[in-house]
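Both complexes shown next keep subunit A, but they swap its partner, so subunit B is in the first and subunit C is in the second.
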Partner chain A sequence: MAEVRLEKVEKIYAQDKRVLHNLDLQVRDGEFLVLVGPSGCGKSTILRIIAGLEDVTDGRLLIGDRDVTSVPPRERDIAMVFQNYALYPHLTAFENMAFGLRIRKRPKPEIESKVREAASLLSIEPLLEKYPKALSGGERQRVALGRAIVRDPQVFLFDEPLSNLDAKLRSEMRAEITGLHRRLGVTTVYVTHDQVEAMTMGQRIVVLNGGVIQQIGPPLEVYNRPANRFVAGFIGNPGMNFFEQVRVGERGMDLGGVPVELPGSSSIPAGEFTLGLRPESLSLDPESPLRMRVDLVEPTGGEAFVYGQLESENGHRVIMKAPSDVQAAVGDVVGFRFDPGKAHFFDAVSGDRIER
Partner chain B sequence: MTTWISRYRVPYALLLPTGLVIGLVILYPFFYNLWLSMTNMSLYHINDPAFVGLRNYGEIFKESELYSVLGKTIIWTVVNVFFHVALGIALAVLLNEGIRGKGIFRALLILPWAMPQYIVALTWRGMFSYEYGSINLMLTRWFGLEAVPWLSDAFWAFAAATITNIWLGFPFMMVIALGGLQSIPKELYEAAEIDGAGAWQRFWRITLPMLKPIMVPAVSLGAIWTFNNLNVIWLVTRGGQPADSSHILVTYVYKAAFTYYRYGYAAAFSVVIFLILFGFIIWYLNRTGALQDGVAR
Partner chain C sequence: MKRLKSILLHLLLVGITIATIYPILVVISVSLRPSDALYSTSLSLIPDGATLDAFKVILTDKPFLLWMRNSLIVSLSVTIFGVALASTAGYAFSRFRFPGRRVGMIALLVTQMFPATMLLLPLYVLMRKLGLVDSLLGLIVAYTATVLPFTVWTLKGYYDTIPRDLEEAAMVDGTTQIGAFVRVVLPLARPALMITSLFSFMSGWSEFIVARVILSSQSLYTLPLGLEGLAGTFQTEWANYSAGSLLVCLPVVLLFLSLNRFLVSGLTLGGVKG
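Presenting the complex of A and B:
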C-alpha cells in the first residue's frame, strides 16, 4: 500500500492537444478515490499515467516515496481492471488470474493458493477452469478483479469497470468492489463517468473538466457545497436548476419578477448571480407566487420528477423532485417554493461558488 | 416423389452448375486416376490398358526411391512452411508497429505473392547460375566467399529451390498474420504489460496464442500447397537435376508420367501421395483442435 502523488503533471498529445494542465493530485494511502467527469475530461489519461501506459509531458509521479515517472508499468507494482475486462481469451479463468504470477516466476504452490484464495473471495471457484468466452459479463469482471487481487499490488486502478454491465449487476458490483476495498485496504483509483458510482463508492471524489480539477472532497461535501457551477451541474441526478442573472439585494432576491426573502443574505454581496437549486429543495405550494408550467411528469416509483418552465419573461427550465402522488398534470400551472437556506449562488462570469 | 422434385427444383437447379463443375474437374479425374492406378497403362499400352490390380502399388512400396523422395518431401515441406510462417509472422509484427513508410513496405512485401511462380522460378534459377548468377557474384565479390555450386550439387540444388519457394510463400502467411494481429485488442497487451510481461513475453504469451486460431488453417493450407508444389522444384532444378536427386513426390510422379510415360505407375503414386496428405491433414487438424468448434480460442 502506498500513496500516489501527481505533481505538476502536464500531458500534451500531438498537435498541441493539451489534456492535462499543471495537475496536482494526491491519493492517500489506502484511500478509495474516484475520478469523475464527462468524456474527454482527462480522467482516463490520469489513470493511464499512473499505470504507466501513457507518459507525462512534464511533471512527476510518485508511488509511495518512489519517483516512477519513467518506470515501465511492470515495475510499478500496480494492478488495473479494464472497462472491457481485457481477459486473455486463450487462457482459462485460473490462468488469467495466474498470469502475472507466472510471469514473475513465483513458485507453483504459491500461485495455486493465491488464485484459489482470490477466487473464494470473489466466489468464482466453480469458474476457474472455464474460458472467458464461456463466462457472463459479471463473471468476467470478477475474474478481472481476481487477476488484480492475486498480484497483491500497492495500488488498484479501475477504468470504468462497470460500464459494460447491466444496471442490476452494476449496483451489485459497486457494493462488491467497495467491500473488497474495505477488506484489502489497498489504495484505489477508480475512474467513472457515472456520478452515482462516484457518490456511492468514493471516500473522496475528484471532479474533472477539460483536464482541470474542479473539486476534490468527500461525496456529500461535493454534493452539498459544489465549488463551482460545473460541479453543481455535473453531480446530482436530475441536475441542479440554474437561474441566470438573479439579482440579490439587501432584503432578498428577485426570481423572475418574484421577490424571495433570503435568510442570511447579508453575507452575500449585492449583485447579479446564478442561482442554483437542487430538484429536491423545491416543493409544490399552491399559495406561492412562484409559478411554473408543467411540461412532463416522470414517475419513477418512489418519487416523481416534474419538469416545467418558470412563468416569467425568461421562462427558465425547472425540475422538481416530488412525492410519487404529486398532483400535477402536463399543462398545469402550479405554484412552488424552495428552501432558501439550500440555495447555491455562483459568480455569473467565473461560475465560482459564492460562500454565504 | 413428384412433390419432392417440385419442392426442391429451384435449389437443385441452382446447385447444378457447381455440381457439374465439381464432377468434371474433381470427381471424374479422381476416380479415373484410381482406375488408372490399377492398370498397366503406359506408352506401350496407351490403347489397350489391362487391369493389373495392385501391382503398381506393390512396385512403389518395393522401390527404395519412394522412401528417399518421401523424406525429401517432408524436409521440403517442413522447412518451407516453417520459414513461411516464421518470416510471415515476424514481418507482420514489424508492419503492425507504427513504422514509417508502412504502406510501401507492405506493398513491396506482398509483391512476391503477386508474381507468377513460373517467372519467379526462372528468375531465381538465373540468379543461382554458378558463373553469372547474381547470388554467387555477391558472395564472391562482396563477402569474399567461395562460389556455391547451386544447381550442380544435389544439396545446393535442393537448397536453391527451397530458398526460391520461401521467397514465394512468406507473403501469404504475412497477410494472414497481419489480419490476425489487427484483431488482437490493444488492452490485452496493456494488461499483460501491467501484469509484468516484457516485449518477448507479450509476444510468446499473447501474440502467438492469439494468432493460433487463424494460423492453424493457413498452415494446413500452406503444407498442402508446399507438399504439392511442382513448379518451383521442377523449374529451378530443371526436372530434379542433378541426376534426379532433388525430387519431391510430385515432381517424381510428374517425371514418371510425362517423361517416362508410366501412366499406371504414376497414377498409383498419386494415390499414395493423396493418402499421405489426407492422413497428415486429419492428424494435424485433430491435434490442433481446428475441427472442434471453439476449442482453439
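Presenting the complex of A and C:
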C-alpha cells in the first residue's frame, strides 16, 4: 500500500497533441479514488502514466516515496484491470492468474495457494481450468480481478472495468469491487465515465475535463457543491437545469421575468449569473408564478421525470424529478417552485461557483 | 433446384479431384514397372509383374540419401533462420513506429514483384563476392532472403490482429517487452508461425533454378538437382525417376498431414478473426 502522486505532469502525444497540462494529483494511501469525465478527457492517459505504459512528457510520478517516473511497468508493483479484460487467450483461468507470480519465479506451492485463495474470494474456483473463451463476460471480469489480486500490489488500477457488462452484473460487480477494496485496503485508482459508479464507489472523485482537474472531493460534496458549471452539469442524472443571465439583486432574483425571493441573496454580489437547479429541487405548485409547458413525461417506476420549457421569452429547458403519480400531461402548462436554499450560482463568464 | 446445384457442384469437385490425382497415380504406376516394361502403354494402374526394384535402385545405387541429407540441411536451416528473422521483424513492423518503417514494408513488397529468374544474375554475383558459391550456406542465404518478404508480411499481419492490451497486461504483470513477445504474442501467433515455417521449408525443398546456379559439386546436390540428373540425356529410366520423385514428395506429404490442423486456420489468416 502506498500513496500515488503526480506532480506537474505534462503529456503531449505525437503531433503536439497536448492531453494533460501541469496536472497535480495525489491519491492517498489506501484510498479508493475515482477519475470521471467525458470521453477523451485524459482519464486513461493518467492511468496508463501511473502504470508506466505511457511516458510523461514532463513532471514526476511517485508511488510511495519512490520516484518511478522512468521505472518500467514491471518494477512499479501495480496491477491493472483492463476494460476488455485482456486475459491471455492461450492460458487457463488458473494460469492467467498465476502469470505474474510465475514471472516473478515464486515457489509453486505459494502460487497454488494464492491463486486458490483469490479464486475463493471471487467464487470462481470451478472456472480455474477453463480458457477465457469459455467464460462469460462477468466470469472473465472476475478472473481479471483475480489476476490483479494475487499479485498483492501496492496499487490497483481499473480502466472502465465494468463497461462491457450488462446493468445487473454491473451493479453486482460494483459492490464486489468496493467490498474487495474494503477488505484489502489497497490504494485504488478507478476510471469510469459512468457517474453512478463514480458516486457509489469512490471515497473521493476527481472530475476531469479536457485534461484539467475540475474538482476533487467526496462524492456528496461534489454533488452538493459543484466547483463550477461543468461539474454541476456532468454529475447528476438527469443533469442540472441551467438558467442563463439571471439577475440577482438585493432581495431576490429575476427568473424569466418572474421575481423570486431568495433568502440570503445579499451575500451574493448583485449582477447576472447562471442559476443551476437540480431536477429534484423542483416541485409542482399550481399557485406558483413560475410556469412550464410539459413536452415529455418519463416514468421510471419509482419516480417520473417531467421535461418542459419555461413559459417566458427565452424558453429555457426545465427537467423536474417528480413522484411517479405526478399530475402532468404533455402540452399542459404547470406551475412549479424550487427550494431557493438549493439554488447554485455560477459566474456567467468563467462558470465558477459563487459561494453564498 | 438446390439439389441440382449440389449435384453439379459435387460432379465438378469429383472431376477436379480426379484431374489432380490421376497424374500421381500414373507416377506411382510407372515406378512399380519392372525394367523390361518401361515403354509399356498398358493403362492398368498396377502393372503386370509390379516390383519395388526401382526404389531399391534409387536408395542404394544412387546417392539419393546424400541429396536428401543436403536438402534437409538446407530446408531446415531456411525454416529456422527464416522464421526467427521473420517473427521478430514482423513484430517490429507491427508494434513499433520507427523511421524507415513504411519504406521498409514497401521495399519488402516490391521485391515480390520481380520474377525469381530476373534476380539470378545479381544473386550469383553477390554470392561470388561473399565467397558462398558452391556451398550449402550460399543456398541457405539465398532461399532465406527470398522467403523473408512473404513471411514477414504474413506474420506482421497476424500480429496486427493480436490486441496490444495483452502485451501491456503482461508487462504490468512483470515481463519485459521481449518477455511479453515470447510468452504472450508468440504462442498466440502459432497458426501463422506454422504456415510460415511450412512455406519456408517447401521453398527450399523444391527449388531448382537457384540451386542449379549456385551449386556445382555433385556432393552438394539437393534433391531437385539429383532428380534432374536421373533424367539422362539420351535415355531415361522412367521407373527410377518416378520412384525418386515419390520419395521426394513423401516428407512433404507427411509434413502437410501432421500440420493439417494449423493449415486450415492458417490459410484463412487475414480473414475475419473471431
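What we mean here is this: the second predicted complex is superposed on the first by the 356 of 356 C-alpha atoms of A that agree within 3 Å, B and C clash if a C-alpha of one lies under 4 Å from a C-alpha of the other, contacts with A are read in each partner's own complex, and residues count from 1 in each chain.
In the analysis below, contacts are C-beta pairs under 8 Å (C-beta built on N, C-alpha and C of every residue); 3 or more make two chains touch, one makes a residue touch a chain.
All values derive from a computational prediction rather than experimental measurement.
**Q** Just from the overlay, do subunit B and subunit C fit on subunit A, or is there a clash?
**A** Superposition check on subunit A flags a clash between subunit B and subunit C.
**Q** A:Val258 in the overlay: touching subunit B, subunit C, both, or neither? Say first, second, both or neither.
**A** Neither partner.
**Q** I'd like to know which partner A:Arg147 touches here: subunit B for first, subunit C for second, both or neither.
**A** A:Arg147: touches subunit B and subunit C.
**Q** After superposition on the shared chain, which partner residues are touched by A:Val71: those of subunit B (first), subunit C (second), both, or neither?
**A** In the superposed model, A:Val71 contacts neither subunit B nor subunit C.
**Q** Given the touch rule stated above, what does A:Leu184 touch, subunit B (first), subunit C (second), both, or neither?
**A** Once the two structures are laid over each other on A, A:Leu184 reaches no partner at all.
**Q** Touch test for A:His90: subunit B only (first), subunit C only (second), both, or neither?
**A** A:His90: touches subunit B and subunit C.
**Q** Looking at A:Gly100 after the superposition, I want to know if it touches subunit B, subunit C, both of them or none. Which is it: first, second, both, neither?
**A** A:Gly100: touches subunit B and subunit C.
**Q** Intersection of subunit A residues contacting subunit B with those contacting subunit C?
**A** 51-53, 72-74, 78-80, 82, 84, 86, 88-90, 99-100, 103-104, 147, 151
**Q** Write out the stretch or stretches of subunit B touching subunit A in their complex.
**A** Checking each residue of subunit B against subunit A gives 185, 187-188, 190-198, 201, 205-206, 209-210, 212, 294, 297.
**Q** Inside the complex, what are the residues of subunit A that reach subunit C?
**A** Residue positions touching the partner: 51-53, 72-74, 78-80, 82, 84, 86, 88-90, 99-100, 103-104, 147, 151.
**Q** Quick check on the complex: what are the subunit A residues that touch subunit B?
**A** 51-53, 72-74, 76, 78-80, 82, 84, 86, 88-91, 99-100, 103-104, 131, 133, 147, 151
**Q** Please name which positions on subunit C make contact with subunit A in the complex.
**A** 163, 165-166, 168-176, 179, 183-184, 187-188
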